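Multiple structures are listed underneath, in structure tokens.
Okay, so chain A shows up in both of these, paired with chain B first and chain C after.
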Partner chain A sequence: MMDAPTTDRWIRRLNLLQLVLAGIIIMTPTVWMVLSSLKPSFEVTAYPPTLVFTPTLDNYVELTKTTPFLSYALNSLIVTIGSTALGLLFGIPAAFTVSWTRISWPAILTLAARMAPGTLFLLPWYVMFRQIGMIGSYTALILSHAVITLPIVIWVLLPSFDGIPRSVFEAAQVDGCSVTRILWRIALPLVASGIAVSAILAFVFSWNYFLFALVLSNGDSKTLIAAAFNFIGEGSTQWGALMAAATLIALPPLVLAALVQRWLVSGLTLGAVKG
Partner chain B sequence: MSDAAATLTHDRQRLELSALSAPAVVFTVAMIAFPVIYTVWLGFQSFSSTGKQSYVGLANYARLVSDHEFWHGLWVTIALYVLSLALQLVLGVWLALVLFHAKRLPGIVRSLFISPFMMPPVVAGMMWLVILDPSLGAANYILQSLGLPPSEWLASPTWVIPTVALIDTWQWTPYVALIVLGGLQSLPPSVYEAAQIDGASPFKTFQRITLPLLLPTIVTAAILRSVDLLRFFDIIYITTQGGPGNASNTLNIYGFRVGFEFFNIGYASALMLTLTAIVFGAVLACNRLRGAVAW
Partner chain C sequence: MASISIRNLVKRYGNFTVIPDLNLEIADHEFVVFVGPSGCGKSTLLRIIAGLEPISSGDLYIGDKRVNGVQAAQRDIAMVFQDYALYPHMRVYDNMSFALELRGTPKAEIDARVKRAAALLHIEPYLDRKPKELSGGQRQRVAMGRAIVRNPKAFLFDEPLSNLDAKLRGQVRAEIKALSQELKTTMVFVTHDQIEAMTMADRIVVLQSGTIQQYDTPETVYERPANQFVAGFIGSPAMNFFPVEWRQERAILSQGGTVLPLNGEAAALLRQAGSAVLGIRPEHFAVAPDATDGIAINVKLVEPLGSDTLIHFDLAGASAIARVDPALRPKVGDRLSLRPQPGKTHLFDAANGQVLR
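Here is the complex of A and B:
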């Protein structure tokens, strides 16, 4: 029979083995995507697939030359930054008020909206926006994507505002501070990190969102995600360019998520789990 | 301060608070509440090909009951939901336990683990489309090198649902794991120590102590996944558009196509309201369950 420290060491090794196995399963598809994007075009579709090749950026060059990739990227940036800014602008004071008054129905309504299937809103929006000729406009896209960002901002910031001791606000009120001033001068600096996390999460989910832009954008305002469909359609053998597009589209959210990975989980569950 | 002055400050405060929440409230009413009410109204309308609309009462809902495509979509939605949720919860709890026992996780490892669900589902669909290609994909090459028969994956009416479930499981299991990990880390260490003193085996400890204590967290993860899984859209729309045939035509995909490919806005509204009711029903049921397993 083995003694306790030896058993312990084996359990630890077994655990590490499982961790590595999980890591490989999680990482392989992404690595394969990046590798495929760097392969010379004749090697992307080689069968059996090759692992050793001379990396090239040809696919990326091809992508920017043959498709309006850069203008799609610009559209994505405009819509994402616009909707994130709108989410923060509306969401920060709303979260503060909900935390202050304990009147929570606005927060709950935005959460319910986040749970409903997007098509539920898309149908009436389409009819409404078409009537006022706003299909394809940045305004329509930014407004629709703000439905994604607003609940994220409110629900990530609520616990942060709740965490500020009430005595801090009361002391400021005794000194004659108005509510707006308390939010601006006292509460905001205290929840700065929460605002950063909510902004990044809002950016990521707005960037990743597919459905709304699929219908509300047109040729000129198409976002990268909505255009992804076109890249697939443009010939099934153009895998190199397709994987180059996929890699570039995934890059901004992945880089941003890596920056805030430590604080991400509590934010992602919209307050359902205290992380 | 006199009473009058106090009331004045109080009124002023209320006014200020209203003003602060006003933009979000107005936005929510204009972009969420009003459109949903409008959808309810649209669900009672019929639009002809010339764009003329007429009130048809419950005709759209009557059509729904006798529509094979609807029942098929409901079946696909539920099959995909049950399969994906089961896979993600089982694998997620396993991965959470592995991460929990690894103690210290460097930031880079954590970043790698969250990368699947932080990337757009559309990108996940694009990359798996290439990997799972029936004739040139890497997945079939691996199967064949192991002496297994190749699969048609997304191109097979039989395998398309399990395949889509696998893609979604790849993407969201780490998310479930991180939620469950949070639950594990908040469990009191004393219960393990007591079990150890009693000489319980690791498996018994997990089955009798960890799992029951963890159930509320697992149900929370199930709620968060249910919301996404019941309205499954992105990956299917990118990879199969509901095909082959209608084998992966979920209710959300079906409703979208009825609305924006066939421009039957009235019927699509009825479909989407039904799907929304299903999603909220599932969330409420899970919430009940969470109450039952709370400790």
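Here is the complex of A and C:
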């Protein structure tokens, strides 16, 4: 039998091995994507793949020359920020109300909407937005992306609100606060990190969402991720430019997550570790 | 400052009735303590007064205003919670000034009131700290300070001492009592600790299953309990109970047949009732000098408390306790003769527990 320190050592080694494996699985496609974006066009699909090559920014130059990339980026930014703001605007009071009243069915309903395939909404929305002439508008895209952001905000914030002792809200009631004022003056400052986390997650999910933008946007309002689809053609996919586009598309969420990762972890566990 | 009047109050949660029908009058400036075992409805009643729980039926008046449908925010009462419920993101000063700020009190007056309350509670050095930087006792004082600054119609306390250690509990208990005498405001205090109830209250409400068992001064509740429940709940250690009968012109224990040295009013009551439950508080036993003069017992356990000594013994099939002079120094297995002090016994109806008088 192994003694306790030996067992601990082995557990630590196994943990490390697991982390390395998980890291490889997650990072390989990302590294592949970034390296491919820096390869000359003909080397991107070469087999066996070249690991040593002269890096070039040709794919990025090609991308900006052949597509209105910055315009797509602006579209993505407008839709993502708009839908995140909309998610926060309605999600914060909704999460607070669910926590306050302990009536959970509205939250479950939004979760079900989030779980449902996007195609379920797509056709009715397409018909509706076409009827009122909103296809291709930012409003249609922002409203449709709120289906992504709203449940995220509600479900990330719910444990944070639940984590605040009920008596704190009751003390505020006795002190003279209305429910609105309790949300504004007491609850919101206490769930600030949860709000930041939900905003970041909503931003990332909305930024990465492809389906609604593909159908509900037009040439002027196309988001980055939908525009990237244009590089995949029948028999003539521009892999280099596609990799450059994918790298640039992945950049904002990755930078955002890296900047706030410590906050992200503490925020996600906020409701669970009330102390 | 105001009186509180509760009339025919009923509180139900679905089909479960917590308070069946309660009437209570709390006078202006009075310090009333709700006491009772867990689940007796004392905290529910306090929360109803605060406006945190709706009333199923009946009426609640604060002062001369019926407040049934009035929100907690509009009742002008202050409450100290069991877990203090301080606002974690605010400094102590802001915790105390928050309610005044909501009411639009001028800044200078807020400052004066907060500082006055802080001085009263000795928390001036902590005004710039956040609650997490305070000890339990300090947080408790801040919670009281938050209530005091408002000059409310009534103070409500929901077991505010239960999270403090024994020493601090005694200290804060005395402080609240002193505070009540200084502020002269109606105070309602909920506790399950009968020592807190006895030491602080002008009047005690003893509750069981949402029903008032007795509402009177601590002295009366202790000396003249209305029923066996109150007699058993108030007093520590609890009152001893023995089923007794009147047979052959003598009081005897129903089980074992031991003759009891009962006389005077107690004997007359038992003679009239035929049988009853005899209640004797541990401190109302006297050690008889003559072994033939009282109830012979065998000492089962001795608990020396310093100021006095508790003797545990079995009598009539039940465990019982007597509180005796520590100088007696009894030992386990010693045989003693105890007799109830005259006029200090209580007789209760064996069927419904009501006191026999």
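Keep this in mind: the second predicted complex is superposed on the first by the 225 of 275 C-alpha atoms of A that agree within 3 Å, B and C clash if a C-alpha of one lies under 4 Å from a C-alpha of the other, contacts with A are read in each partner's own complex, and residues count from 1 in each chain.
What we mean here is this: contacts are C-beta pairs under 8 Å (C-beta built on N, C-alpha and C of every residue); 3 or more make two chains touch, one makes a residue touch a chain.
This is a predicted model, so every value here is computed, not measured.
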Partner chain(s) touched by A:A146 [first = chain B, second = chain C, both, neither]: first
First, second, both or neither for A:S178, with chain B first and chain C second: both
First (chain B), second (chain C), both or neither touched by A:L77: neither
Partner chain(s) touched by A:V204 [first = chain B, second = chain C, both, neither]: first
Touching partner for A:M128 - first (chain B), second (chain C), both, neither: first
Touching partner for A:P106 - first (chain B), second (chain C), both, neither: first
Which of chain B and chain C A:A116 touches, first, second, both or neither: first
Contacts of A:A196 with chain B and chain C, given as first, second, both or neither: neither
Dominant contact partner of chain A by residue count, chain C or chain B: B
Contact residues common to both interfaces of chain A (with chain B and with chain C): 178
Chain B to chain A touching residues, read off their complex: 12-13, 16-17, 19-21, 23-25, 27-28, 31-36, 38-39, 42, 94-95, 98-99, 101-102, 107, 109-116, 118-124, 126-131, 135-136, 138, 141, 170, 174-175, 178-179, 181-183, 186, 217, 220, 223-224, 227, 230-231, 233-234, 237-238, 252, 255-256, 259-260, 265, 268-269, 272-273, 275-276, 279-280, 283
Residue numbers on chain A that touch chain C, as the complex places them: 165, 167-168, 170-178, 181, 185-186, 189-190
Touching residues on chain C, where the partner in the complex is chain A: 50-52, 71-75, 77-79, 81-83, 85-89, 98-99, 102-103, 146, 150
In the complex, chain A residues that touch chain B: 11-12, 15-16, 18-19, 22-23, 25-27, 29-30, 32-33, 36, 45, 47-49, 89-91, 93-94, 96-98, 100-101, 106, 109-110, 112-128, 143-144, 146-147, 150, 154, 178-180, 183, 204, 207-208, 210-211, 214-215, 225, 228-229, 231-232, 239, 242-243, 245-246, 249-250, 253-254, 257-258, 261-262, 264-266, 268-269, 272-275
